[in-house]
């Protein structure tokens, strides 16, 4: 698991998973969409509590490797301010066959999204902003229902 | 759908799917493994009947776009002689959310593998060779049970 | 009644036949009949369901009708990816 | 009995509290007690199950015991990816 303030480079990260025993590579990327729940998004800010995001992310990856016969698995998440189109999170998995690569890639991104201490604040084109998922956080402008994110 | 004799460049192909409306990108790559069913593989040869591989591949992609709310989907398959580690097939899908990107990517690779007129001959380290999946093709050295490929 | 059919062989079928294409005269109503009549050429004992067929560059079924002058493409079990 | 607890606030909780960290004296046996006692600070009416908690940089449960001197990290609903 890695957390980075710099742009994620999926091609470079993929290359680190190359292995002659691998028959399948599945990569997932979460990109900043220009809309969420009917609102036009301008940019996003990710707040990450790094020590626990790293340890919890490592746990998730270790779980995936235990559940599925993988060769390699890795995940990188951005922190800080991101523009539309930027890659917020990357997951890459290699294995002998494709079943486990798809399943493990999906497992990792699903768990990363619900378990790692990472928060995102959306800044909208109309000027307001809000923390995603935080309907009842008593914050101004946080009127989002349960977020459906990528 | 595309069939190419040249090396597949997943990073360049991925870039063609970029879209501000996309929140999820899922990419699949099939790589040439150094083993298959207990045998050490030296290299592979793909024979492709291009006209029907293209039209059937386009059908598969169109089906995926009908089944799932995608933004973009593409598939490229190699033909000719490939070495261990080379990318034999790439599938890339973008969509607003990840559910459909995973499902569509999986759908496309599954269908491409069973429907497109593409055959692979494995050349083994011990000198013999055989057409994968062709147990009863009455060819010399083709003693493979149903192949479990990436 | 015999029909003139151009048969194209692929992969293992081509290697067994020693040619990628030939025109033959066969008594055949369907693509499956062509496959059966040419067993000595493609050499396959695969169940038809494992193989595929195209007629005049369109994917077809084994019970699809063949006409005089058609080109029938015999595909051994595919293995893309 | 009151304990001295260092509380760390994240994201919306931090913005509501106006600080990322403070040391408070609270009568609390569990992490959940700390969350409840500091409702006026983090401002959340989220169900506990939507939020997460860590004690001394280890993920914890809401019924995990807190001890004098512990640091309790209050996490609003996460939204990675």
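As written, the chains take the letters A, B, C and D, and residue 1 is the first residue of each chain.
Just so we're on the same page, a contact is a pair of C-beta atoms (placed from the backbone, for glycine too) under 8 Å apart; a residue touches a chain by one contact, two chains touch by 3 or more.
None of these values were measured; they are calculated from a predicted model.
> Based on CA centres, what chain would you say lies at the far end from chain A?
Relative to chain A, the chain with the farthest C-alpha centre is C.
> Rounded to the nearest whole Å, what is the centre-to-centre distance of chain B and chain D, using the mean of the C-alpha atoms as each centre?
Roughly 50 Å, centre to centre.
> So the centre of each chain is just the mean of its C-alpha atoms; given that, what is the distance between chain A and chain B in Å?
26
> Rounded to a whole Å, what is the gap between the Cα centroids of chain C and chain D?
A distance of 72 Å separates the two centres.
> Would you please write down the residue numbers of chain D that are in contact with two or more other chains?
As it turns out, chain D has no residue touching two or more other chains.
> Find every residue in chain A that makes contact with two or more other chains and list them.
Touching at least two other chains: 30, 109, 149-150.
> Give the pairs of chains that touch; include all such pairs.
The complete list of chain pairs in contact reads A-B, A-D, B-C.
> Show me the residue ranges of chain B that touch chain C in the complex, using the header's touch definition.
30, 46-47, 49, 51-53, 56, 77, 88-89, 109, 112-121, 131-139, 142, 147, 149-150
> Using the touch rule from the top, collect the residues of chain B that touch chain A in their complex.
It is residues 10-11, 14, 18, 20-35, 84-85, 94, 96-98, 101-102, 105-106, 109, 148-150 of chain B that touch chain A.
> State the interface residues of chain C toward chain B in the complex, per the touch definition above.
10-13, 15-16, 43-46, 50, 52, 54, 57, 59, 73, 75-81
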